[in-house]
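Presented sequentially are two complexes of subunit A, the first with subunit B as partner and the second with subunit C.
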Partner chain A sequence: LFNVDHGYLEGLVRGMKAGILTRADYHNLAQCDTLEDMKLHLQCTDYGKTLSSSEDDLTVSLVDSKLRENLVAEFSCLRSNALPPLSTFLDYITYSYMIDNVVMLITGALKQRDVAELLPRCHPLGAFDQMAAVGIARTPTELYSAVLVDTPLAQFFQDAVSESNLDEMEAEILRNKLFKAYLESFHSFCKNIGGATKDIMCPILEFEADRRAFIITVNSFGTDLSNAERSALYPACGRLHPEGLCLLGAAQDAAQVKDVADRYPAYKIIFEEPEPGSGFKTLEDRFFEQEVKLNTLAFLQQFHFGVFYSYIKLKEQESRNIVWIAECVTQRQKSKIHNYITIFQGTEQ
Partner chain B sequence: MDFAIHNSQSRTIVYAKMPPPLFTTRESEGSSTLLDEKLLRFMEQLELLEEKRASLNSLIEQGWFSMSKARYSMGNKHVSPLQYASEMEPLVLVHAKTLDSGELDFSTERFEQKCCKEVGADNRSIEEIGPQEKGVRRRIKPKEDITKKAVNEETSSENAPEVTPVTKSDQNLQQDPLKWFGILVPQSLKHAQLSFKQVLELSAEIATLQTAVLSTRQELKHSKKHKHEEASATQLDSVAD
Partner chain C sequence: MLLECMMNGHAILYTGVTLAFWSTILIVGLCYTIFDLGFRFDVAWFLTETSPFMWANLGIGLAISLSVVGAAWGIYITGSSILGGGVKAPRIKTKNLVSIIFCEAVAIYGIIMAIVISNMAENFSGTTPESIGARNYQAGYSMFGAGLTVGFSNLFCGICVGIVGSGAALADAQNGSLFVKILIVEIFGSAIGLFGVIVAILQVK
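Moving on to the complex of A and B:
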């Protein structure tokens, strides 16, 4: 019965998934000395002529943009053929990009950047009609009532409305509050769908919630964000809720954050000291690795929506990998080039 | 040493041309020693300069690389020229002082973060170097304004350069450039800023050292010339005798 409505698209996404770069592909890319070489290698993959069609100078930023365009094209193909509730599910995926775009437009306006300059740099997956007007709003309340009230983001504004002027701090707070509401909403949506979708998606979203709580906490040290303000940004749909979040809210330094993580086996590993000799990985790197693991699991089950979410997220990681390799190539930092995360080993398809 | 035996009538007078009188020996020894000292100093300064330059290059590379890491975590378009304004207030000033020896000394001074009420009281004018830009520089800039705006203080030289008044900006806040990218930025971006801060200080040191090296080289030249002149004067003297 799933297949009646969604079978074609599931088949489609699994086909796309087969084109995800393998270990061997990354190995070839890492051997390149220039971006041109990388372009040649990418032509042999599913990316084909994506990079070749461009007239502009090949820069890392351009590579990133082209990879993004590719993903957007694939997503649009899926979305345009989707029926409810898959269509709603796919829309949920786009909301995170919308939130990012809104914040980029606000901070761009703070820097007196022209809207015409900012719009092309926004993520296409998060495009909406009222984007051009976002930069005009002075406060979150104004943003809501004047610009976003008719967009899907309106539903996430319950806790985010405020009369404070939108400066860098307020923009950051807004971003995280919107994201918190979005994640919690997405989580209950998946829960309501039930079945395999719930089994696959809820752990992924819970992990996302916990990751945000950890990262927000760690990055807030040394900034003007108070503990109370910080606690208000933690999404509540993760495993850390409620005790872990309470403890994180009170944490004053990295050691205390690690204490909190040690209480949860899954997170203890992430915060563990690396073995001497292994390459240094940032906290974000380790979270990305864990995210990739969770997302690859989605393809082991059938007849659920998780494959769509996971495909998008894995393709994003792939973009990050390729861009990372490109940066190492252009900056001649070959020693760190292998910091990418291999997604599929290449034996399974 | 020259020996001359003069046979003068019945007397044999032996003149031994002694080495130049003690006074002249010390002088030429003295100038040789001085020359050696200067040469050693020149070498030391050069070595130090090379070390600092290598350090500078490595810090700059590190900074750019940390920025790439930040882009990896935050998203490629979130660490880019879109995040900063084309007009900015410098946080670091470079002071150029001319010392008594004639050498230039460069030092950096960092502004304390001011709140908006206090700004405006600072009357030091800032000299704009380079073309005034209307447009946007596409190249991604390091954290702080690398086009150093120099303030000359207490120079012994008469000629103070023309100082153009600072262009008025709407944003009176001198802001930590890290905030351009958000409040909750990852560690890698903070590392990048640290690297570039060190680059600024090192640049001033290198500039000072460079002028010192050039001046030492000049001194060396003069000393060599002087010694050469001395030596040929002494030779002429001895030939004349």
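Moving on to the complex of A and C:
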């Protein structure tokens, strides 16, 4: 049964999940006036001493990197104790960060930035050995054959190999193609595991795929990305496949995208115009909200891997929330400070 | 590479064993039919020729071993969850040992029944079916049945209590007031094992 290999880690990750900040914590943080106050408040939560061991000047980016370090430490603790297939599952989680790192290094190299300057900015969860050598590649084929063929990302390079030169546009296209291959591969992996993992993870991944499709469409208006090229970037494992993706591929402006979204009840809500008077939320924010909702559902079932994925994503969302609050505090813009997304409502002890 | 193309290790093992089993049965059955040896497949002969002692001892063996499998299964399910949950919420350690004790009780039922059944096995003389007598046959079969009853019911009871106990440990780690409520579910699970013991005692009386 599941617990032979993974019972301890599931118990551990659920314990860590109990440390995710609740609504009351966010309320306290929002009341703070300076970053020092926030640091004090964070010490009472699960974060403990992570922030206090830093040097004197506390900037938002320092807070961000400390939170990230915390997440990486917890993740490595889980990963180092994991057995297959959980280890493969956790590796899949890191691949998305690896893809982002690779693309960031490529764009940095194009702007003639020094590799040593870029490496600390890479997301540590996506680190792999040949990262420093990524900058020397000129075309995706070169990138693949010279650098990435030994890394786990090699399996996602089926569609992305092309001879065109790597410029800004190409880097984005490369990112989307790699991500599409990664999502589809992850989706079929979860399907193969079956059981509760499939029931929890597949909706989350399908939502991710559809969200990518929408964002690619909306971002490509105004660029010279042809419809056919755009359609090649949509991940095929979502609920939009195949009719919605065809329609999205043909869409020319935001109204048509909204029209496509209206056919699917879940996405209709995201694209709806907000009632006047309520706080303005961007499309990204609404997607994040929906993602948080789906991720919290993972904790309602036992004996599956979804808890690990959801925990990482919720921790990320928490970091985003804390950084948002910190930014608002430092810039003294308290009006928008409540635009964070509460993850758990908090329970009475 | 070829193995990966098929399936992973466990699946190969299961398909191999199943294939071997069914092909043996098929081939043996075919051979008996072809060579006109069908008369050899004789259940009555089997039942009267085997000693009742075999059945009785099989029953005793099954009683203790299946109960222990159930208890062990339950204990490891609960134990690994307690370990994981106890890292971040150390207060659950001592309270959740109660779940482990429930699982252990299942093994104790098994050993008690095994001792009770084995005490009922008496010696008899006689080697042919007629001289052994119907009562001895009945004794053997009912001991086997009792052992089977208590063994299987304890097996599933142990697994059930284990899974519930694991849920109890994780829920306790999140919210301390939930533990007692989930314990009630565990008590109901334990009752299943008790049913098996009662029925088994009735069978050997």
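Criterion: the second predicted complex is superposed on the first by the 346 of 349 C-alpha atoms of A that agree within 3 Å, B and C clash if a C-alpha of one lies under 4 Å from a C-alpha of the other, contacts with A are read in each partner's own complex, and residues count from 1 in each chain.
The rule we apply is simple: contacts are C-beta pairs under 8 Å (C-beta built on N, C-alpha and C of every residue); 3 or more make two chains touch, one makes a residue touch a chain.
Worth saying up front: this structure is predicted, and the values here are computed from it rather than measured.
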item: Fit or clash - subunit C, subunit B, common subunit A; value: fit
item: Which of subunit B and subunit C A:108 touches, first, second, both or neither; value: first
item: Contacts of A:70 with subunit B and subunit C, given as first, second, both or neither; value: neither
item: Which superposed partner A:8 touches (first subunit B, second subunit C, both, neither); value: second
item: Contacts of A:223 with subunit B and subunit C, given as first, second, both or neither; value: first
item: First (subunit B), second (subunit C), both or neither touched by A:302; value: second
item: First, second, both or neither for A:18, with subunit B first and subunit C second; value: second
item: First, second, both or neither for A:290, with subunit B first and subunit C second; value: neither
item: Subunit B versus subunit C as contact partner of A:256, first or second or both or neither; value: neither
item: Dominant toucher of subunit A (residue count), subunit B or subunit C; value: B
item: Three-chain overlay, closest Cα atoms of subunit B and subunit C, distance in Å; value: 29
item: Common interface residues of subunit A - those touching subunit B in one complex and subunit C in the other; value: none
item: Of subunit B, residues touching subunit A in the complex; value: 61, 64-65, 68-69, 71-73, 75-78, 80, 82-87, 136, 170, 179-180, 182-188, 190
item: Residues on subunit A engaged by subunit B in the complex (per definition of touch); value: 60-61, 64, 100, 104, 107-108, 111-113, 117-118, 121, 123, 168-169, 171-172, 175-176, 215-216, 218-220, 222-225, 282-284, 320, 323-324, 327-328, 331, 333, 336
item: Of subunit A, residues touching subunit C in the complex; value: 1, 3-4, 7-16, 18-19, 302, 347, 349
item: Residues on subunit C engaged by subunit A in the complex (per definition of touch); value: 73, 76-77, 79-89, 166-167, 169-170, 173-176
